Each structure stands twice: as structure tokens, then as C-alpha cells.
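When the chains are written out, they are named A, B and C in that same order, and each has its own residue count from 1.
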Amino acid sequence: MVVISKSLRISSSSNFQIIDITRDIVDILNEINEENKMGNGIVNIFTKHSTSSIRVNENEKGLLMDFEKALKGVVKEKDNYKHNFIDNNAASHIKAFFLGASESIPIVEGRLDLGTWQSIFFIELDGPRSNRTVDLTFIGE
Amino acid sequence: MVVISKSLRISSSSNFQIIDITRDIVDILNEINEENKMGNGIVNIFTKHSTSSIRVNENEKGLLMDFEKALKGVVKEKDNYKHNFIDNNAASHIKAFFLGASESIPIVEGRLDLGTWQSIFFIELDGPRSNRTVDLTFIGE
Amino acid sequence: MVVISKSLRISSSSNFQIIDITRDIVDILNEINEENKMGNGIVNIFTKHSTSSIRVNENEKGLLMDFEKALKGVVKEKDNYKHNFIDNNAASHIKAFFLGASESIPIVEGRLDLGTWQSIFFIELDGPRSNRTVDLTFIGE
């Protein structure tokens, strides 16, 4: 049995940004495989920030812009939010509330078992930020 | 400790379809129990397609129609989506982006610990399709 | 390897209520640590009710009111829902359908690895109720 905790450091460069972290996770999984031979299991991907999210979808440039537009259509930027008296980012929190903080992805025979058109995204909803952390927990055998 | 990777093949018959996969998962868990005696743990349920989703809710015929209507109210079918220049299914991707790709369900004493009114759904958002795959990862002891 | 199944009993006092369950989960993790020395892993948090949800975000009083308002803006209370002929709570189910039933949180060196501003919430969408159950499954080593 293998349980391995890792983390990714992420910097964002704009207020809203979809960052593809698939490659980073695959690289870490490959390092793990060199030593531990992880066969089957899962990796839990969790963002430590309540104005960001983890999602799995297709990395197509136009589609990423569609996601942003759709999200802004659902969550108004300003709406007399009470949290804005404390910190001017209620809309960012609400978007994260709808999208969720984690996803768990299967690992089969040592490889992330994503579909052909799936990538793993860190969704920045309140950037730019220089110190975002995403936890990765690999569990398997 | 037990880690077992399985998958379900699913065919959908319409563009939007909520398919109850609870029975299929219970059947696989029962097979696992016959041999491995899995007591407590979780099963991670993950769809390998970015125009579909996994959700847990009540399987009541009228409610399933309400889910469809609500989802279509939130995500417009046409909205000058950029992805539609590539592939005419942006709305399907956006719905999946909102709903999410995975859920993890507890297993207690060898049984899925769902509530009385809970079923596990594969949500087809871009059907009909004949070759959908859902990964199941059972982890426990 | 450690797999431990626990559950929380929750009572809600209003129709919509965001209940912070972080402290309850930390208390249970501390008890587990006293005996089993759980180092790294995850805890899966799953609500057994299809008119409730689990979410991770910031516990700021004004923000919790913003979440409620935003959710009610996205899901109409009445919209000729078909489920309301069976049970008058379609809007509660639809909100849960959008938000999701589970989150998995990393445990690092025996502690929940939440970010500074993150709390774990049970979201009551159809209260008040006296017998809500949330399953916790700790997996690690």
C-alpha cells in the first residue's frame, strides 16, 4: 500500500485563469512510479484556497473562454454582496462554492486514467496570485 | 488493504439523459466481497468524458426532468460559444464543468452507504453515445 | 494502513443553513491519532441526503448570506417543478444536484491540510431537520 502526499505551487497572472496542471501531476506520478511502483489507486487533487477550484474538462482555447463567460453569467460580479464589506471578492468565493474544491482521479497500472479529451485544471477565480497551493494525495498499491 | 479498479460501459440514447448506475456498482461490490471481503472504505466514481458528469441524488422520474430543465436554464444552448467553431457542443462541456467529474461514496461493512433516497447517476450531456466509460476505484480493507 | 469509518449527526434549525463541521472532523481525527497514528491520507466527507451538500469555503458571516442569495438566484424556488407533485422540495434537490454530495480533504502528518481561510460545511437545503448524517471515511497510513 502506498500513500504519498505532495503539493504543487501555482502562480496565476490574471483575475480569472484556467491553468492546466495535468502535466505536473503526471510528472510527480512518474517519479513515484520509479521508486514505489504504484499500480492502481486514486489521486485526490485539492485546492487550499476558497477562491479557486479544481475541475476536469477539455483544454481547448475557445472552450476555456466559454467557461469564463458562462461562470460570469451565473455569478454576478457585483450584487450588494455582504462579504464585500470585509474583502472585495465575494463573487470569487461564490464561483468556488459552485465549482468545488477537489476531484479524485483514478490511477490504473501506474497511469492517470483520464479520457482522451480530459485535462485537470486549477481554476484561479481571484488572481493574480503568486502562492497558490494544490495538494495531491496518491493512494494505491 | 484492497485496491480494485473496475469500469462500467454505458450507452446513452438521447442528448440529455440521467442514467442510474447504482445497481451496476452494487453488483460489482458484491462480486468483490465474495472474494476479498472488503469491509470499510470508499468507491471513487469518475467519468472519463468531459461532456458527462457523476452526481448523487434521488431517482424520481419528475425530479430527473426538473434537473434537466434547471440545468438548461443555467447554461444556454447557444451563446456565441467559441468552442462551437471547433465542435458544436460547448453547452455540454459547460454543464459538465459546473457539475463535476467524480464523487466518492463510503463503503461500510461491505455495503455502499447511500442514504435511503440516494442513487448514483451518470449524467449524459452530449448523447446519444455508445461508448461511455466510468471508472470505479474501490479502496478499503 | 488505516481505514476508519465514522459519522456525524447534524440537526439544522432553518430551511437553508450552512453548518461548519470542521471542528467535529478535527476532533474525530484527533481521537484517531491518539490510537492509530494516522500520518498522511485523506478524509472523504459524504452527506447521506439528497437535499444537502458538502462544500469547502470561508466561514465569514456575510459570505454565508451571499452564498444563500446566489444559490437562490440560480435555482428558482418555484418553476412548475414536476417533483413538487410528489414532495414539495424540488428546488432543494436541484441545489444539491448543482453543489454535490462529497469532498475529499487531504491529511498531512496527522492534520487536516485545509488552507488558512477554509472551513468544511454541511449545507442544509431542506431544513429544519433533526437527523442528518454525514459519513467520514479516513484512509491513510
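Remarks
FYI, a residue touches a chain if its C-beta (ideal position, glycine included) is under 8 Å from a C-beta of that chain, and two chains touch if they have at least 3 such contacts.
Chains and their UniProt names: A, B, C = YjbQ family protein.
In this text the structure is predicted, and so the values were computed from the model without any measurement.
Seen as a C-alpha superposition, chain B (YjbQ family protein) sits on chain C (YjbQ family protein) after a turn of 120°, to the nearest 5. Of all residue numbers used where chain A (YjbQ family protein) meets chain B (YjbQ family protein), under half belong to both copies. The two sides are thus made of different residues. With centres taken as mean Cα positions, chain B (YjbQ family protein) sits 20 Å from chain A (YjbQ family protein). Multi-chain contact residues of chain B (YjbQ family protein) (touching two or more other chains) are listed as 1, 74, 98, 100, 104, 139. Contact residues on chain B (YjbQ family protein) toward chain A (YjbQ family protein) in their complex (touch as defined above): 1, 3-5, 44, 46-50, 74-76, 79, 81-83, 85-87, 90, 93-94, 96-98, 100-102, 104, 133, 135, 137, 139. Taken together, the chain C (YjbQ family protein) residues at the contact with chain A (YjbQ family protein) in this complex read 1, 39-42, 55-58, 60-63, 65-67, 69-70, 73-74, 98-100, 103-108, 113-115, 117-118, 139-141.
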